[in-house]
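Two complexes, one shared chain (subunit A), two partners (subunit B, subunit C).
== the complex of A and B ==
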């Protein structure tokens, strides 16, 4: 089966105030298959959101440049005219943002904000049908009293409720792809679990694909089918969730996993940390970008750009020592 | 809602009281004697004294102030012995031309300034933006009497398209009424456009960088809807503040423009009354202007609540 979304060697550059370009995303290739939940993990600033924002071209056009390819079904998104892009946004591709409190317009009712998502794509739909679609989307997103919610303003609802509204807005046109950018980061843990359940349930029901951007390994383990780990604008490892957790083949992934409290067994007194800090994008050296913090780095890691290596058909790692490095977690444990 | 308006009106009473005291003493600070103005240059001292007594000017100042306040409480703004007319009827006959210029000018400036401000914000940093900002700077630095004179020279004298000056009542000829309003309205508008366009631009730039605009983009809304429905609605409150302020000033009378175009408005009435030492008239007009400002502010505040449900919740 062909991929729903294919990102090929994507580079996204931003212009800073002194008119210099920096690539926040540097050569990302990734595919989203129909019906799967793909997790993208990495720490703040690694480019995971930048990558997915590029799919809908949500960056400020005036100081952003793109290179590479993003294909959605048969459309090349980076070159598609703005008019056609607008048709894709909110219709074929839904987007859930991180902070529900600020993602909704404070001056419009929930109903107005869901309705316009429908009517801007389907102008001639009768009012009653629009209303029914909105109510259904809210129900699907787990609203307990959708009709009442429709007449409320954002300030009258809690954060968790608002995120359900944001989910309903993303779902109301039944998109084929849903991009969720840290949908639960701003919410407390119980709400987080409920919302992830909602997303999984919708995927099972509609067979849509979901890209879940997160920095929480626990969320990945619970919800995703496949994972891509990003570091400093590059993907460093991709694998199925089971494979990645059982057999991480990149020292950065290992470090991330070692820094997560285990689900089973004794929780160690001190969790592992990855030493050092993320270098500035402007001072990225030649070779492996993780080398400065990697316990296994040697001279050859710095010799040139590191490609992705196949660990097996479904598992890739951007580490030249992918088949020789010991499991970092076991070494340090 | 009604309760809120009532509360606001109640809180305006002390404001009007203080304005009244200021108006009373300010008008008496200037040198000159209204009784002598009325009596004429060759009146005898006893004639002047008689007139002074008739006008109540012989009483001590606190008594005069007290009498005036009592009259105000009865809705009586006073009587101008110089015009031989009650202050309220004088205001009534002069307010219509002023109001016409103010409303016409305000509508014109909003119709131009708001789209310009939104355009500049949408195209922030581009040539279009700089053009709008340059235009705003230019119109701010041109005094309205200069704009008025230039317009008059071009459209009335040279091109003969519009009347030079004066005011025609709409009951007389509606088309002449509009034609006579165009030039004065445009001259009071120029400064307004600059102020409103700048405020709209900066307020829109804030709104456009917010998360809900990003959501609106991700929903696939047309740009116009992102800008007006989501952007401008959020940017409107500071703009409304500026508009309310300037509209109050326009109603108080744009003396210079009324003089240039010879419009018998409130501004002219004020100037002439000051020249004539017409105390009652000056006081009456000042109180009237204070009341106008209070009402404009009240309407502005009610409009805030119409726009923003959170303010609605708080105030009503």
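== the complex of A and C ==
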């Protein structure tokens, strides 16, 4: 089965005020398979959002430069004209942002905003059909009274309800790929549980693919099929979710897992944490980008760029010691 | 809950109402943000107030810290009721003993003051240290204790990361030798590896400085790690409280059960959210 989305050696550079370029994403390669939920995890500034924003080219193009390839089905997205890009946004690829309040126009009703998404891609659809599509999308997103919601303004709904609206807008055109950037981070945990259920249910029903950007290892464990862990603009490990949690083969992944307070099992005296903090991109030296914080780092880690190694066919790690490092969680416990 | 010591802090039947009056209609609406909450904090322990947005947990914290006035009910520190104290009485008896650490580490600091001066200012206000030199030394020692270096003292907040700034805020609270720290979502804005470092730090200094914590948070995995006791707030009411282990293993209240069921498990083998 061929991949729905293929990102190949993507580099995204931004220009700062003194006209210097920095690569916020530096050589990311990842594929999204049909029907899967791919989790992209990492801490703030690791490039997870920048990578997925690039798929829709949502950055200010004057201060951004792309290199590499992004293929969606048969289309090469980085070279496609803006006119065609607009056909993809909101049609074949849906997007959900973190803050529902700022994703919606406060001056338009919910109904106007969902209808707009339909009619801008299907201009000649009869009004009645548009209306029916909108109501169905809201129903699917878990709205309890879709017809009433349609006439409301954003300020009249709660954060959880608004995020359902945003999901409805993203799904109304039945996209093949949904990119969800921290879709539940701003919401209460009971609402988060409901929305994750909605997303997974729709995936099962329609067989679309979801890329879920999150910093929450719990959300990953509960929902994803596969995971890519990012650190400082690079993917450092990819594996199936079961494999990644059972057998992490990159010290950063191990550190992330160890630093998350567990909801099950024994409560540790101390959390095993990664020392230091994420360095500035401009301070990145040659070799492994995690070396300055890694308990297993040695001279050879600094000698040159580290490629991805195959732990097995479905599991890759950007660590030259992937085979020999002990499980950080057990070592420092 | 059985205790050998007296509680250090006692909250009795606390009520906070917010009254809103419309522009045109004179009929006022009363919102019970905090509705008859009672709780006790024991020396050396951590009490976590959990609940979702709007449950009244922050309001409770602010009233305990005397940043808000209660509508009814009392708060006592070591048996002394300070609910109706004047600002000068509060400064004398309460401010130095109860310190607060907020969620956003950046907005809690003055951007035009170096972090050394931020800590020194707290010492000046509380009249700790006899000279500028002594205050600077106390500030230095406290900042070093929370993991910062001497050369950090002359830097400004924008030169630090969020995790470092939260350490500064903890140091500033710690420097005035409080008995109680109120931590209002103090680790919620931090990345998980940094959050772990700060949680470990909080565990260490609790014993070292004989502190008691009131931990206000929505994150139940953090509560499970750090708290001895939990109170679950729902719409301004304390619906369940008890020892952390007991609440997590045998929740009785319907809302507590729903809340705990909604928390993602950190192990794919134990998935439960999607049913």
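The rule is short, and it goes like this: the second predicted complex is superposed on the first by the 332 of 333 C-alpha atoms of A that agree within 3 Å, B and C clash if a C-alpha of one lies under 4 Å from a C-alpha of the other, contacts with A are read in each partner's own complex, and residues count from 1 in each chain.
Quick note on the criterion: a contact is a pair of C-beta atoms (placed from the backbone, for glycine too) under 8 Å apart; a residue touches a chain by one contact, two chains touch by 3 or more.
As the structure is a computational prediction, the values presented were derived from the model and not from experiment.
Superimposing the complexes on subunit A yields a three-chain arrangement in which subunit B and subunit C fit side by side. Touching more residues of subunit A than its counterpart among subunit B and subunit C is C. For the combined arrangement built by superposing the two complexes, subunit A sits at the apex of an angle of 80 degrees to subunit B and subunit C, based on C-alpha centres and given in steps of 10.
Residue contacts after overlaying the shared chain place A:107 against subunit B, while subunit C stays out of touching range. In the superposed model, A:88 makes contact with subunit B only, not with subunit C. In the superposition on chain A, contact is made by A:222 with subunit C only, not with subunit B. Of the two partner chains placed around the shared chain by superposition, subunit C is the only one that A:193 touches, whereas subunit B remains out of contact. By the touch criterion defined above, A:260 lies against subunit C but remains apart from subunit B after alignment on the C-alpha atoms of chain A.
Overlay on chain A (Cα): least separation between subunit B and subunit C is 8 Å. Residue ranges of subunit A in contact with subunit B, taken from their complex: 56, 58, 62, 86-91, 94-95, 97, 99, 102-108, 116-117, 120-121, 153, 155, 166, 169. Contact residues on subunit A toward subunit C in their complex (touch as defined above): 43-44, 159, 188-190, 192-193, 196-197, 200, 215-219, 221-223, 241-242, 245-246, 255-264, 267-268, 270-274, 277-278. In the complex of the two chains, the subunit C residues touching subunit A come out as 52-53, 161, 163-164, 191-197, 199-200, 203, 218, 220-222, 224-225, 258-259, 261-275.
Residue ranges on subunit B touching subunit A, taken from their complex, read 125, 210-212, 214-222, 225, 229-230, 233-234, 307-310, 313.
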